[in-house]
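What follows is a set of notes on a single structure, which appears directly below.
Here the chain labels run A, B and C in written order, and each chain numbers its own residues starting at 1.
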Amino acid sequence: MKAAREVGIAGYGAYVPRYRVLTEAISKTWRPGGAAAAAVAEKSVPGADEDVVTMAIEAARAALGRAGLEPPAVGAVWVGSESKPYAVKPSATIVAEALGITPAVVAADMEFACKAGSEAMQAAVAFVGAGMVEGALAIGMDAAQSRPGDALEYTAGCGGAAFLFAAADRSLASVEASLSYVTDTPDFFRREGAAFPEHGGRFTGEPSYFSHSLAASRRLLAEIGAEPRDFAHAVFHQPVPKFVRRVAAELGFTGAQIENGLVAPRMGNAYAGSSLLGLAAVLDVARPGERIFFCSYGSGAGSDAFAFQVTDHIEDRRGGPKVLDYLARRREIDDYGHYLRLQRKIRR
Amino acid sequence: MQLPRFHRLRSAYYRLEGQLCSVCGAVQFPPRTSCAACRAGGLERHRLSGRGSVFSYSEAAQAPEGFAPPYLMALVKLEEGPVIAAQLTDVEPEEIEIGMAVEMVTRRIREMSPQGYLVYGYKFRPRIELEAEG
Amino acid sequence: MRDVFIIGVGQTPVGEHWDLGLRELGAVAIGQALADAGVEGVDALYVGNMLSGCVNGQENLATLLADAAGLLPAEAFKVEAACASGGAAVRAAALAVAAGVHDVVLAVGIEKMTDGVASTVAAGLATAADQDYEASHGFSFVALSALMMRRYLYEHGCSREEFAPFAVNAHKNGVGNDHAMFREPISAGDFNRSPVVASPIAVLDAAPVCDGAAAVVVCCRDRIGPLHEPVRIAAAAAATDTIALGSREDILTLGSAKRSAERCFAASGLAPGQMDLFEAHDAFTIITALSLEACGFAGRGEALRLAREGCISADGCIPLSTAGGLKARGHPVGASGTYQIVEASLQLRGRAGANQLAKARRALTQSIGGHGSIAVTHILEA
């Protein structure tokens, strides 16, 4: 897919909270006899006063600041998440108010499990590309819950990023093309009113994550006539590091290409924020002229694939904390009870 | 907090929006109907930068109902001059010093009840350290 | 403006009165004051109270008390100035007499805090602060005083331990006051080991939650009788300051206390050094220290020296909390200001019992609300 006019990312911002739960603490509670090796050593969790709204606001503010655009230029904002604080009431309006871009703004929340954020990116590209708005913010952010003792509890992390799309000549990375590849596949879901999601175990692998990520990626490469080696960086959705390495290898991307965008080892899976955070981490180090390959995955299921090209503007759009600065900001939680309280899994 | 009152406060709570006096140039927060410095009425909306330093602080032994622990309160001296009451966040009590640089972030101040609405507003945290530029 | 005299006082013991509601508590104090004054009716009744609405669910409080105490159909209304309500009620009564509108007026301070659980009382006390920019951010009443104390320690380079004499002195005097809530002495060690409530404020820095009612009958000179021991209100003044603590010109100066005290000294032609006792608003040790500085007993940052040198004890140069103060007698918030007037009057009448000072001719009383956003000051003279 290509928009009628060229669009790109004018500014971006990321957020990861400072708290890290050691997965060893989770192991100790649920496998007291001996811990199996966890996919990640620690995962990020939100502080008691944080949620998708607060994190989205910080990332969005950074994106707006780096883009050098004034609030009235932003005509749309979408927040993609599977852990919105309200089931009914948009997070996007709170973000819009906090940024000072109300009232002439399109604002809504999106849901498509872990690809709700890249969903927002597709919409942003379309609105800007159609000339309907000057700037459109796409945010993917999550603080997703996981059932205590479930496999996902060891990897369910927290964080995400925001991307302000605008005309390509203002951008730090232009959009070459994008596409969505979607089927109805219930590999992972949460019913209305349920506190925690359900998942299909091994079904979440090949028929789900791999099938859609591979198909979307191959279709996009074919559409734009490119090969993996044409790209300096490749970013994928990161449920566990091993999935990323495998999908990259199957497509023909090298370890070096995925390295900068692979944030999961230090913080776990940020769900709708995961692939966007990986993209932000890549933009933190990318050089003018480099091409970036991006493919998200969301259960339900589908993938959004994008190809970007970095412009000369990137060098002066990096002020403020980078993804690595957020990752370096760490406060360890080694007590499972403390973790439960922070996650509001137990309440007074 | 009553919903209509919270609604009226959102620009102050979300964006730290105070006032700039067009007569004497003073910046004030909280907003008032006249300038506290010169008593004139020429006030314009003005968004404060959010940068400031800790003027005083206190750690409460208990958080009142609806508020999230840990519970650190402070008077923050903003770079434009006003001193405001706000919670500190993302910091441990032993790390706090009077004079330390802080920046505004928007956080959950409280939930009115487990099923009730959420109050978001300003808190302050130590400025995030940036890695040396490579 | 006419001179105003106190001709009768009454007070309930301060404590947890599970068996006495607002009506009963008020009636006891009012009855005593009327009996002490030798009058059966009054021209007006002003009631000082802060929490009757949010803790007890009762407004229109003055009507309730007039009814309960048999004072209908007198003029009556509630006067509210946060923790200074009790002082404000006396001020209102004195103003009515001074202006010649009424001849005999009753002022009652009353508070019944124990009807509420801790969280309700805390929320009620927080209504004195700026709701929008303090209370709604989770700032409790204690927290705001804690911020003042921390800043005081920082600016003046002192330690919390140096505040101990204020609490120790108050409790020492509480021993000798039959109406005090706390009748046991405490040591500096107790003070230093006290558990933290909101750092650096600990339990023993703070006055307790409790119930109590105190009443004062004031009148014009013509109504003084041969059996009265009249105490003249030599001066009275009230002043305000910013409601938000951060907005003060100087967070460590209680501007309202300073202004109202200065006006009292100017109106009476008296000076701080001529006061024989000071019933200060010792809700927290930091407020005690700042009150001493505001009223001119010590320079900015110098109040701890007075404490250290023993000036605040009964044999010192400015005896403080002579009946135990808010700290040991107790702080039924809206009533405290009236208790101060009752206690100072008894001192000046030579009827303070075990706590009687050798010299008690002039007393300064000061009731403060909202961390210094409102102060009501009186000078009484025997």
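In the analysis below, a contact is a pair of C-beta atoms (placed from the backbone, for glycine too) under 8 Å apart; a residue touches a chain by one contact, two chains touch by 3 or more.
A quick note: this is a predicted structure, and the numbers were derived from the prediction, not measured.
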{"item": "Label of the chain whose CA centroid is most distant from the centroid of subunit C", "value": "A"}
{"item": "Middle chain, criterion being Cα centroid separation", "value": "B"}
{"item": "Chain centre separation (subunit B, subunit C; CA means) in Å", "value": "33"}
{"item": "Between subunit C and subunit A, distance of the C-alpha-averaged centres to the nearest whole Å", "value": "59"}
{"item": "Separation of subunit A from subunit B, taking each centre as the mean of its C-alpha atoms, in whole Å", "value": "29"}
{"item": "Residues within subunit C bordering two or more other chains", "value": "none"}
{"item": "Set of subunit B residues in contact with two or more other chains", "value": "87, 109"}
{"item": "Residues on subunit C engaged by subunit B in the complex (per definition of touch)", "value": "119, 122-123, 130-134, 136-140, 142-144, 146-148, 150-151, 154, 195-201, 242, 244-247, 251"}
{"item": "Residues of subunit B that touch subunit A when the two form their complex", "value": "10-11, 14-15, 47, 68-70, 87, 89-90, 92, 105-109, 114, 118, 120, 123, 128-131"}
{"item": "Subunit B partner contacts - residues on subunit A that touch it in the complex", "value": "18, 47-51, 53-54, 57-58, 85-86, 94, 97-98, 100, 320-322, 324-326, 328-329, 331, 347"}
{"item": "Footprint of subunit C on subunit B - complex, ascending", "value": "1, 5-6, 9, 12, 30, 36, 55-61, 63-65, 67, 71, 73-75, 82-87, 93, 98, 109-110, 119, 121"}
